[in-house]
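To start, the structure under review is shown below, and the notes come after it.
As written, the chain order gives the labels A, B, C and D, with residue 1 at the start of each chain.
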Amino acid sequence: MSKYQHIKQSAYEANMQLPKLGLVLFTFGNVSAADRELGVFAIKPSGVPYSDLSPEEMVIVDFEGNTVEGSLRPSSDTKTHAVLYKHWSDINGIVHTHSTYATSWAQSQRCIPIYGTTHADHLTADVPCAPPMDDKMIRGNYEYETGFQIINHFEQEGLDYKETEMVLVGNHAPFTWGKTAEKAVYNSAVLEAVAQMAYLTEQINSKAPRLKDSLIKKHFERKHGPDSYYGQ
Amino acid sequence: MSKYQHIKQSAYEANMQLPKLGLVLFTFGNVSAADRELGVFAIKPSGVPYSDLSPEEMVIVDFEGNTVEGSLRPSSDTKTHAVLYKHWSDINGIVHTHSTYATSWAQSQRCIPIYGTTHADHLTADVPCAPPMDDKMIRGNYEYETGFQIINHFEQEGLDYKETEMVLVGNHAPFTWGKTAEKAVYNSAVLEAVAQMAYLTEQINSKAPRLKDSLIKKHFERKHGPDSYYGQ
Amino acid sequence: MSKYQHIKQSAYEANMQLPKLGLVLFTFGNVSAADRELGVFAIKPSGVPYSDLSPEEMVIVDFEGNTVEGSLRPSSDTKTHAVLYKHWSDINGIVHTHSTYATSWAQSQRCIPIYGTTHADHLTADVPCAPPMDDKMIRGNYEYETGFQIINHFEQEGLDYKETEMVLVGNHAPFTWGKTAEKAVYNSAVLEAVAQMAYLTEQINSKAPRLKDSLIKKHFERKHGPDSYYGQ
Amino acid sequence: MSKYQHIKQSAYEANMQLPKLGLVLFTFGNVSAADRELGVFAIKPSGVPYSDLSPEEMVIVDFEGNTVEGSLRPSSDTKTHAVLYKHWSDINGIVHTHSTYATSWAQSQRCIPIYGTTHADHLTADVPCAPPMDDKMIRGNYEYETGFQIINHFEQEGLDYKETEMVLVGNHAPFTWGKTAEKAVYNSAVLEAVAQMAYLTEQINSKAPRLKDSLIKKHFERKHGPDSYYGQ
């Protein structure tokens, strides 16, 4: 048995959650699961329908983006995953989807304003939207540069990837991450729900105010602070 | 067998209705069922997925918010339930969700205008939206104060909780209640449908008029008046 | 066996289509099926969940609205059905729902403009919207008057109920009808689809033109004219 | 066994995908599959519900629109398919639906702007919208002329049907095509997703910019260029 079996299994299960949660059409998404000790991650093969996937088909890739094990070509977004794993040492799962509402915000090139406690339960900032890359980056090593575009945007905006586990890439679509592949998938579903409700909020009241700071702080700490009292 | 078995069963069944009715993502909701004689209510444990729930896991809590029976931590919204049960003596079920359309109205900080008979079949008023709490309340005993924010808003607006069995909490999400936990869940589903149709109504005609008083009265009495003739 | 068994069965099957087609929440809808020879129709009992229905429970009512057979109370909208059957002799099935998009147009008090061939395949006119009734009618025999409101609106607008098999009642919801209960249900589903697409059409282009007359005529005749060539 | 069995089977399977992908209500759609050697295509019979279809019922038609084999009447849109097969020699599958979002754009008589990479992964142009036909064409051989309207629009706009495998017909609905019937169905689902996201993008940001050329080129070539690296 492959010594990577555990992350293949984890990546497989997380990938299979995407169609169940209504986050992908056809093969428009991918999840990876990393093992920091082994210095690799397992990722969905490119263009394979979810109904045909098996754990064995997951491709093992190192943090430079080189395939280590597997007979299939890895997801075309593999280098973006590799860059994020390499630079952000505390994440072990990454998800990319073209989910309807989050992608529509990305196409709109707008951050998603924090309008309510559903959002604040998960992050204290607006969901950031990295601008589209410049033409040089696009013509170059595109998926590799996509990872840097995300990292650079977080640095410029003073965002902490451990607190804000999601981003929109302008004109493109969302990426989310987390301590595990399962958590990264959870974040993708939360993002889609938050994106839909922010859209509706603005339609219902074009002057809807952002959530006030005291509520942002309260809800986030309720779930994530040192005195958190959500869950078991 | 626990002497609270009947409300544990009732709360369990009502909680399990939420995902079936499309009212919750993951664990973003909770239902409680009260027994007035025993002075307690059964409520969902915090952060437990619906697929893993069982009647035995429901937590028994008194109307001060103290856990009476159960090994798991109760829902983080438990104190809000406790306050409502304590002050509103005629309700035996409460539901909290982050359902898409109702939450979007709450984020918009607008009451839902009564635009049609679907709404009037259930309540004669606009769905009230309590304003976000002041910072002192938020920093204090937050969930406890959420209950008071709702009660105070009903008093200020002259609303009767027995006639208007639902509220939006500004920037947050809806609460509904009723004579039973099952009725409270029913009200949550009705609220979501009414919220979606009110949103669409305004998109289709930004000058859509509120329902006229005679129709409001007729439809509500048809279902709820002394000479009601709906149902068996 | 009841001599009304055939219409009970027909009404039962048609009622059960409503939740399958996504046209009702809980019990917010009803279908009836008439037998012109016997001078009666079978209709859903009031407030009974679809999951509990059986053909035997359908209530038999004459065209004056009097119950002829059945131990349950008929739908609260029964008198509206009776009036329509009495005055429109060529229909044998009627449906009432509160389906999301059609009801939102009704609440908006707007006719649904004919924007495309999906609409024209079924009717050549805008979907009519009868205005809300005056207060005297509402306070009187309400459901009976609802039927007359529909009939009067068709007369005033010069509409033929055999060509336009659907109507919105302002502030309320849609009614559809047809040669059979099954056809009336079909019309309710078509109306909901047309209502959703007309809403989206106006959102995408606020100056979208109505369908031109030559296309209206072509598509309707393709399905319904003497030289129709749709279907087998 | 019919010598056309392979395209009957292919057309049958592709037709059955339409309801699974949520692209049709009732019988509002049809797929055909062509065999260039035999000079014919298999197409859905007119007005037959998807639940009642079988491969044997597919009708075999030549590129002039004449029925070659089959006892049922072919889809009323058959002549449109025939014209497209006759003039565009590299396609072997065609789909027509009235899917919700694509049809709403068609009714709006607007091309769908290319707003993101989901769109660019499939085509480099806006989704074209052919204008409604003139009255003479409509009153004449309507479905035949619909085919020419599409072909003429592609010529006028300098579009290549091998690169842009989809079109909206103004006031009507979409057509898609491809190397196989399966690919044409895939394109219909992609079009519906792109249509929904373009609608939402404009609602979220009425000044959303089109995707820039370098990104259009990059994403399209990633999937379709000579150095494509998507899929296996």
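Definition applied: a contact is a pair of C-beta atoms (placed from the backbone, for glycine too) under 8 Å apart; a residue touches a chain by one contact, two chains touch by 3 or more.
Small disclaimer: the values here were computed from a predicted structure and weren't measured.
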Chain labels contacting chain B and also chain C: none
Partner chains shared by chain A and chain C (touch criterion as defined above): B, D
Same or different residue numbers at the chain A/chain D copy interface, by half rule: different
Distance from the mean Cα position of chain D to that of chain B, given in whole angstrom: 46
Chain C-chain D separation of Cα centroids, rounded to whole Å: 33
Residue numbers of chain B (touch at least two other chains): 203
Contacting chain pairs - touch in the sense defined above: A-B, A-D, B-C, C-D
Footprint of chain C on chain B - complex, ascending: 115-118, 186, 189-190, 193, 196-198, 200-201, 203-205, 208-209, 211-212, 214-215, 218, 222, 229-232
Residues of chain C touching chain B in the complex: 25-26, 28, 45-48, 72-73, 76, 98, 100-101, 103-110, 132-133, 135, 138-139, 142, 171-173, 199, 202-203
